[in-house]
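To start, the structure itself, in structure tokens.
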Amino acid sequence: MVLNKALTLIFTADREVIFISMTSLSMALTSTILSTIPALILGTVLSIKNFHGKSIIIIFLNSLMAMPTVVIGLLIYSLISRSGPLGNFGLLFTPWAIIIGQSILSFPIIASLIYSALSKTAVELPETLETLGAGGTRKLYMIFRESKTAVLSAILSGFGRVIGEVGVSMMLGGNIRWFTRTITTTIALETSKGEFELALALGIILIFISFTVNALLHWGVNRNV
Amino acid sequence: MFDIIIKKIGFSYGKDEVLSINNLSINKGSTTVFLGSNGSGKTTILKLISGIYSPSKGSISPGTETLKNKSVLVHQNPYLFSGSVKYNIEFGLKIRNISKNIRKSIIQKVLLEARLLNLITRKTSSLSGGEKHRLAIARALSLNPDILVLDEPFANIDPESRDTIEKLILKREKNGITTIISTHNLTSAYRLASSIIYMDKGKIIEPETNFIKGSVIKRDDYFCFFQADNYKKVSPILIPATDGDYSTAVIPYKDIFLSGTNIKTSAQNQYIGIIRSLVKKGNQFFVTIDCGISLKAIVTDLSVREFKIKEGKSIFVNFKASAVKLY
Amino acid sequence: MEKILFILFIIIISSFCYAEGQIENQSDNQTSTQQRLRLATTTSTENTGLLDVLIPAFTNRTGIKVDVIAVGTGKAITLGENGDVDIIMVHARSREDSFVSDGYGVNRRNLMHNDFVILGPPDDPAGISSVKDAAKAFKKIQLTKSSFISRGDDSGTNTKEKELWNTAGVIPAGKWYKEAGQGMGAVITMANDMQGYTLSDRGTYLALRDKIDLAVLVEGDPKLFNPYGVIAVNPAIHDGINYEDAMRLIAFLTSGEGQSIIKNFQKNGEKLFYPDVIK
């Protein structure tokens, strides 16, 4: 049964399964962290200021989110392929190519969720901060502190999108064994081989990893509240 | 410390002009109350005074930046930071790098006055409505601002909290610090204000009552004798006997009638004065009379013609004791 | 502040994971400073498991680490054209020839061959089990409008399938002809579910044999011959092509050692490939 297979894989600490899990996790975490800072900045700017082109940016973000991961993979492939403009960096088929692609996947999600969350905060918050004398960075920090849960949700949504994606990983990583093979590309591979049980078992492991990360983050953020 | 002077100020949300005030001065150390219904522009003027808004046109002196530094605004629905009461009170003090020991004593004092000392470690999310308001005001007071701006501090709170807040405001007035309040509650307004500004639809409007600060100097079986501040030469206003401490007397314009001679009527209050101005409004006239205190009355244009009322003329001002309400 | 501690915590976890991954990687590779050799091949080739034996043998002998990128035939060739890989190993002869004649590849060598088989339900509604000619079998399937599942993805298998329809003089169309657009394993599973016919390479069939009811109904026709070629990507078309190592790999694959690994390779007790250089 599928569950048996999954548990066996986990408990026998199958070396390859551990490797692909670590690969998936580290790439997803790295790309989420990389995209969080610019996303926080963009989301905050969008919620605070009104400027020409604001709606275009928002529409662009929403469209990016709806794009299939394969398409994003294709776009980046055309940039970093040897025959593309950035080919000399030798990024294709390395973990960094996947990280770049995944950062682009998670960025619009985090940015637009932050924008949405901050837009909802009561106008009294920034005004209270101003009147009490909080300026610049402290004001920004407090706004995030007060929307802690929403900010966390945004980041976790970004993480969720990338840990489970296969289009970018496959296209930019090449599914190279012991190098750029992740849980999701392995699932795709095993499925195409007809090995559905193994694929499902890996899927369960993926869910478990995702759940753990979510739980850890929630615990970490809500400890002192 | 300074006066706040407003000239031809306007504020707009996009194309909507929501506030337009020609001329307004607020004296330092005064307690000014903006009185009016919802949407009359009270919140807007308060935000302009506390430097949160910049005027769309006109000027406010001193400038918006200075006002922001010197004042603290407490919103109608105050925002309390998630965390404890202590965290909220400390917040502004930490920003100003106040040392831990001084912080401690300020916090003690302010929370004691706001009756929140026993709740110092409580989370703000578990406070009642009144406690939240008191905390917001205490947070503002801990910073000892030159200008304290309170937007509807009495709306929707329990009587004890209202009482505590009133005491806090009165205490500051004694210390000569400027307080600005907005409310639609007449009683609190009259009680606390040293001057009242009436607002409607974003503009300052002429009130329809005389507002006199003073105190009760004597009582007998029939009357209270109310002496206006700064107008020692005038004999006190007679008001039906009542107990209590009062600082304000309110007399509606329409309850004042004028006479050319000092006729005896059942009105207990009669003063002689000089007409200072006449302002026509529709088929009525607003007449300002200086009889030692400044009083305004409303008369019909018929009466103006009949009595030949004009500037500089001396006239008698009459009103019943029962026309006067004390706060 | 608690925030900072918490962020550190996250960074530590992710670097740990990443480092773990890299260490696994490096420990397999003594010459970690060397450039990697990139080989593009087809998914069906990779799925047979042959490369899991061949490549480590090559690395052992030469110390060269190989990245195997398994994709569809079309994509493998495109990767070669774009210079994203250094060497390709595919089984689509006509396309390989164009690859070389267009200047993208050099030094093509025949490597090995295996065969395709026509799979179908044991009760064989189209009655092809007695037919020796693969094209004729296809014609019968079309005439009886029996369910046929095609790869539909321009892979080597798909290319062969189209050649057979062509030879049979048939343009397959209609509800009975289903183009799946998926890998061989998935397509076999679909054919099994639907009890239909399909063309498969022997290797994938053998891997799934125990899980399905389909049987080999037609085999051995020379038209079902499936030759594999290995081609180095022309270093003149792009910078950074690892031509030297590609040539070393070709040398290995066509050497006695490489060819005998191919010859001796078995899957589920059956021989899968026939070496072409050293018989």
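Brief remarks follow.
For clarity, chains are labelled A, B and C in written order, and residue numbers in each chain start from 1.
Note that in this section contacts are C-beta pairs under 8 Å (C-beta built on N, C-alpha and C of every residue); 3 or more make two chains touch, one makes a residue touch a chain.
Predicted model only: the values in this text are computed from it and were never measured.
Connectivity of the assembly in the absence of chain A: the other chains, held in place, form the touching groups B | C.
Every chain gets a centre from its CA atoms, and the centre nearest the mean of all protein CA atoms is that of A. Farthest from chain B in terms of Cα centroid separation is C. With centres defined as mean CA coordinates, chain B is found 55 Å away from chain A. With each centre defined as the average position of its C-alpha atoms, the distance from chain A to chain C rounds to 32 Å. Chain B and chain C have Cα centroids separated by 86 Å. Touching two or more other chains at once is no residue of chain C. For chain A, the set of residues touching two or more other chains reads 145.
Residues 47, 50-52, 68-69, 71-73, 75, 77-79, 81-83, 91-92, 95-96, 139-140, 143 of chain B are the ones that touch chain A when the two sit in their complex.
Of all the residues in chain A, the ones that touch chain B in their complex are 122, 124-125, 127-128, 130-134, 138, 142, 145-146, 148, 225. Residues of chain C touching chain A in their complex: 2-3, 6, 9-11, 13-15, 17-18, 20-21, 24-25, 28, 38, 43, 47, 67-71, 81-84, 182-186, 188-189, 204, 207-208, 211, 238-241.
Chain A makes touch with chain C in their complex at residues 19, 22-23, 25-27, 29-30, 33, 81-84, 87-88, 90, 92-93, 95, 145, 174-179, 189, 191-196, 217, 220-221, 223-224.
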